[in-house]
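Below is one structure, written out as structure tokens, with a few remarks after it.
Labels run A, B, C, D and E following the written order; every chain starts at residue 1.
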Amino acid sequence: MTFAGHYAYFVTILLLMVGLFIVIARSNLIKKLIGLGLFQTAVYLLYISPGKLIGGVAPIVGEGFEVYSNPLPHVLILTAIVVGVATLALGLALVVRIKEAYGSIEEEEILGLDADDELKSRDRS
Amino acid sequence: MGAAAIGIARQRNLFGVVLLSGIYSFLMATLLVVLDAVDVAMTEAAVGAGISTVLLLGAIHLTGGTESKPIHKPWLPLFVVVVTGGMLVYGTLGLPAFSDPQAPIHQHVAPSYLNEGPVKTGVPNVVTAVLASYRGFDTLGETTVVFTAGIGVIALLRRRRPRQKFDDRDDGREGGK
Amino acid sequence: MSGSMALAGILATPLVGLVLVSLSGRWPNLREGITLSTAVVLFAQVLGLYGAVADGARPELVLLPMLPEVSLQLTAEPLGMLFGLIASGLWIISSIYSIGYMRGNQEGNQTRFFVCFAGAIFAAQGIAFAGNMLTLFLFYEAMTLITYPLVTHHGTDHAKKSARIYLGVLMGTSIVFLLTGMLATWVLAGTLDFREGGILAGQVGATGTAVLMALYMFGIGKAALMPFHRWLPAAMVAPTPVSALLHAVAVVKAGVFSVVKVVVYVFGTENLMSLGSADWVPMIAGYTIVAASIVALRADNLKRRLAYSTVSQLSYVTLAATLLAPISIVGAAMHIAVHAVGKITLFFAAGSIYTAAHKTEVSQLDGIGRKMPWTMLAFGVGALSMIGLPPAAGFISKWYILSAAMSAEHWTAVAVLVVSTLLNAGYFLPIVWRAFFREPPASDHHGDAHGHDHHDDHGEAPWPMVLAQTVTASLTIILFIYHEPVLKLARAVAGGD
Amino acid sequence: MRLDVILRVLAKLLIPFAVMFASYVQFHGDFGPGGGFQAGVIIAAAVIFYGLIYGLPSAREVVPDVLVEAMIAIGVLVYAGVGIAGLLLGGNYLDYFVLDHDPVHGQHRGIFWVEAGVAITVSAVMLKIFYVFAGRRRDAGGEGS
Amino acid sequence: MLSQHLPILLVVVPLLAAPIIVLLRRSFPSWLVATLASIATLAIALPLLARAVSEGVISYAIGNWPPPLGIEYRVDAANAFVAFIVSLIGVFVMPYCRRGVSSEVRAEEHYLFYAMMMLCLSGLLGILLTGDAFNLFVFLEISSLATYVLIAMGRDRRALVASYQYLLMGTIGATLYVIGIGLLYLQTGTLNLADLAVRLPAMGDPRATLAALAFITVGISLKIALFPLHLWLPNAYAYSPSAVSAFLAATATKVSIYVLMRYFFTIFGETVVFDARYTGVILLALSLAAMFIPAVVAIFQTDVKRLLAYSSVSQIGYITLGISLHSVGGLTAAVAHLFNHALTKGGMFLVLGGVVFRLGGSALDRMAGLGRTMPIASFAFVIGGLSLIGIPGTAGFVSKWYLVTAAMAEGQWWLAGAVMLSSLLAVIYVWRFVEVAYFREPPAGHPPAGEAPLSLLLPALAMIVACVWFGLDASWSGNMARAAAEALAGGWK
């Protein structure tokens, strides 16, 4: 880990951008969720990497170690990971239901189906 | 890792995507170990490479495997993404450099955890001490999130008899009238 | 009974009436009995307050602490007293009239009609005795809303469309202009209480005052200052008793009443005079008087003609109030009372004609005076009052306004008054002449398949209607001879006591 | 078929180890990496493994749905209950110091129960999600849609 | 002894109720527990509010760890007041659910529904009371996840898509928020909000602070549905079960608005947020756009639920307009409207729920002749509509009073005109309902529907009555709003 300065941040940002792009630009509902996961994991790095001190060790206190990495970001990110997977599970459950209700998991198609419904019901009434 | 991420963006076969995201998570976990975040690495490996992959595969199995070609040109999303990234680059330039021991995060709060945490809680793994005790309420919240997701999945995917499902769809039409 | 208790009673009575009427919808006789007795009780209560207020007492009642800084409160002062008396007194008469009208024409939704009627009177009393601008505004909006169902009463597309104009103009002006003006007053003056000499005196410069003046004058859409007068003719789709009580008396008088009140108690006449910020208002009012009269002259529909006459007459009050001479305020206050009595007579007559003969156009009225002498006599008296000729009360108020204009050396106003008097004569007298001196059309009986619908064999209207219009016509003449009580209140408003 | 047998035997052997590993992760969390969440995941994984090999119904027999749902709730209750215990013993919410005469022991006790709560909820939720997703496929097939 | 634990109890009571409900599984006991829990939260929120107003800031150290180390609950007049609003709405909505949900959610899923409601309530209250930036995120996620599920429980299949879209938007918003607080944490080393407020001016780098401000603002604005980030809201409100629409419309966005206000005024401070930056101007422009564009869209809706949803987006514009004035007066207006609009919109959605219960749908065409078939409900709905317009005598007028006087006091006279004009738009969309309900014949062939059952009607009426009551006597709510605004502007010192 010799690269210093802000390099770590930039890697994080790149990952984050890719993730966000997938969420917004892709039409497949599952792929969107994967993008969302990517987006979230990038944030983990944003928290963890500044907590590292070169020469430090994991924050498990023991004899013979002086410098420890910052434990707080680890705690936060543990929570964030769990939240992320919970969201993913819920999102996937929704996708499964959508597939059953619409027969598709492409956003464009689903919105098209909804628009058709709207038109039909308007004609009827 | 970056390559894996971009691969996820470009690949249209969803199985491939899931596989790539598993690899990505594994790489992420390795990186986290390097960054001394062993607890996080362990969890990321279990969650990212394990649970998420299984979940995604299960979902794909239920819904079908390929993505259709995007219809729109991705200019607007690209713009949003670039603005977000730009803002972050701008923001991080104002932050302390990597591994700077003088950075505020190493000066405030964290030293107290490291110094008195093991003494007061009797737990040498400071991460556990902070997780379960200092910020125990966060973890209660986290457990509640898991609980919520679990109950939510039950609510969404509870088994229902075919006839009821038919009614459901019919109702859907009704509501749109 | 203390003054504040009386105020509470005045506000509560129509409300109780409203509830009872809505509950007794299944028994029409009971329902009408309640309406009438509520009206009588209310009038008695308002009358009971007269003595004290005329002697200078100003009873107050705080209703609710609406906002931390401003509460809803009632205060009885002479101008409000005057308006309260008119509205409640004429409610009795028009209740009698409405009963005849609604039954005679077999209208639907009669319960809703009487409920809204009571509601409108409730709002009118609230406006009359409002102790501050916020209270006035509350009841002002309440009146708009409660009269909306009356305008849409028939539920036809035409009624709905007209009601949209009605609501649109009244709500639009009151929200965009009046509310803004009121809030600005609050921010600038720190109070909304009505105070002698005006709360804005010394707080705002000439330009600011002029802007505020514009917000108030156009915001009080019920005063029908042009170009925001369109709602009044639109409201004529309502059944005639509504037009009579509400759109000749309660609603429109609420408008001009608010104008006078704002000029006297918010701006202060002397303050306005020294700033000169209101000089443009008489011009607009004068224009409205003349323009509306010309429209009235050309209108063939009787109610439309009356509506435009109302637009024009309302601007007399606005004109008088903004001439800013002490005597002109007296004229304005007098005119509120006088025009109310006169115009309600005219509308009553129009409704009688419609009920008895199903005629709505001026050109159909040839010779009708012979079949309906009482109605047309009452109409004649009302018309005289509008024109301002003795022995009708219109003469008195017009006299005050004219002399105010003279003393203020406002020659435009004088000219407007003269021209409008001629115009008034021009659109009212032909009707009277037509009714009494023209032959009824002869061809009606022959070859008309729907002869029955034309009611050519009609006589007078049902007796409650005739009674009502006779009473108001008599009042018009009585007020000419004996107007001391009204004058006393009007003088008190002008601060001449 | 033979492969199947091998798997079954393997599973029988492996599952106890998995559970042991889970409890190691659970209790060793104080000294090394690990804790309730990770332990919960491993326990769930063991049962899921069992389910994959012996089939969903037999997994459901071993760990029935109702029990899983109850466990989801019980985990949260245990965690939040520790907090309430703190309240009742005169401390603030989630105050472990008051759980024992010795504050450090109190902390130990608190952390133990809290982690147990996490493990219970997490394992149950993971298992339930597996049940639901896996069960869904069968239902979807059964409906012939 | 109990009184000192009020802050935490407020959150833990509904949080405990959820697993208990899951254990109970039966519909009726679940409902009973949920209702009792929501009544309990109100019973806790009221004395808490009283204490916060009289004593100022109340700090509660969870786990007895001193604040920057442990998580702190920090209560003042502002969040206590919003917490009061949320629990009040809960008390109105929960009794309503018993009947309201029965027609929209299957009986064996009722306990899941109530558990979700409790989690949502607990999450929202947790967001309000916490004094820790990250803890806020955790509770934000609890409430969000519960919300997604509740929306997806709607009968229409479009509810699923609405829920999914909200899930994406909400998660992006929450993640942006996490990035924002990450940037703050990296500058100051603390997550405690009060500590942040102290340390940020001393240590923060302007670039990182600005970025953090941007991320937090955008992230929270997504949850607020601030125009143009509101796209998820109309569908989410329109297709979720009626009780859920009412609850969410009255609470979820309001809580997020509180968070935004807290960050703007207490954490970053006015100097960072408003002075020499365009935050105020941007917020003002967006608020104005929100006041007009969605209101116009609302006019053209054919479905009353969607109409109300768009109206919500528009009304949020009033609140953010109050924030953008960055004065105590403006904040008072914002908080007052938060309260008044919660009552109004919650009440209207509840009334509408009763109507949907009888008619089977919320299309405007179905409501023809409603004034005759359901006189009480339509009258109540119209009263709510008047409050949206801001007719005096309703709660909506009080907010308008505060908003416009605040704008005028800042010398922004033209804003007064803008507010008035936008309320004219409200007149139009409310009057579309009035004309259909009162002056159109009921469709032939439909059996005449009576009033909704009492268990639906009473809570709805109670809210509408409250809406009128607080319009006629706003001395209490006005004073509370003022106290809340002063608390926000005064910081957590």
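The rule is simple: contacts are C-beta pairs under 8 Å (C-beta built on N, C-alpha and C of every residue); 3 or more make two chains touch, one makes a residue touch a chain.
Everything numeric here is computed off the predicted structure, so don't read it as measured data.
With steps allowed only between chains in touch, the distance from subunit C over to subunit D comes to 2. The chains that touch subunit A as well as subunit B are D, E.
Nearest to the common centre of all protein CA atoms is the CA centroid of chain E.
Of the two chain pairs examined here, D-E and A-D, the one linked by more C-beta pairs in contact is D-E.
Summarising the inter-chain layout, the chain whose CA centre lies farthest from the centre of subunit C is D. Subunit B and subunit E have centres, each the mean of its CA atoms, that are 27 Å apart. If you average the CA atoms of subunit C and of subunit E, the two centres end up 44 Å from each other. One inter-chain figure worth recording: subunit B and subunit C are separated by 70 Å, centre to centre, where each centre is the mean of the chain's CA atoms. Residue positions 38-39, 43, 47, 51, 55, 58-59, 62, 84, 88, 92-93, 95-96, 103, 105-106, 109-110, 113, 124-125, 127, 131, 133, 135-142, 144-154, 156-158, 160, 165, 168-169, 172, 176-177 of subunit B are each in touch with at least two other chains. Within subunit E, the positions touching two or more other chains are listed as 15, 18-19, 22, 62-63, 134, 138, 141, 145, 148-149, 152, 157-158, 179, 185-186, 191, 363. The residues of subunit D that reach two or more other chains are 31-33, 37, 69, 72-73, 76, 80, 83, 93-94, 96, 129, 132-133, 136, 140, listed in rising order. Pairwise chain contacts present here: A-B, A-D, A-E, B-D, B-E, C-E, D-E [touch as defined].
Residue ranges on subunit E touching subunit D, taken from their complex, read 5, 8, 12, 15-16, 18-20, 22-23, 25, 60-64. Contact residues on subunit E toward subunit A in their complex (touch as defined above): 134, 137-138, 141, 145, 148-149, 152, 157-158, 160-161, 163-164, 167-168, 171-172, 175, 178-179, 182, 185-186, 191, 302, 363, 365. Residues of subunit A that touch subunit B in their complex: 1, 3-11, 13-22, 24-28, 30-31, 33-35, 37-38, 41, 44-45, 48-54, 56-62, 68-79, 81-90, 92-97, 99-101, 105-106, 108-109, 117-118, 121, 124-125. Contact residues on subunit D toward subunit E in their complex (touch as defined above): 69-70, 72-74, 76-77, 80, 83-84, 86-87, 91-98. Partner subunit A is touched in their complex by these residues of subunit B: 1-2, 5-6, 8-9, 14, 17-18, 21, 24-25, 28, 31-32, 34-40, 43-44, 47-48, 51-52, 55-56, 58-60, 62-64, 67-68, 70-72, 74, 76-78, 80-82, 84-85, 88-89, 92-93, 95-99, 101, 103, 105-106, 109-110, 113-114, 117-118, 124-127, 130-131, 135, 138-139, 141-142, 145-146, 148-150, 152-153, 156-157, 165, 168-169, 172-173, 176-177.
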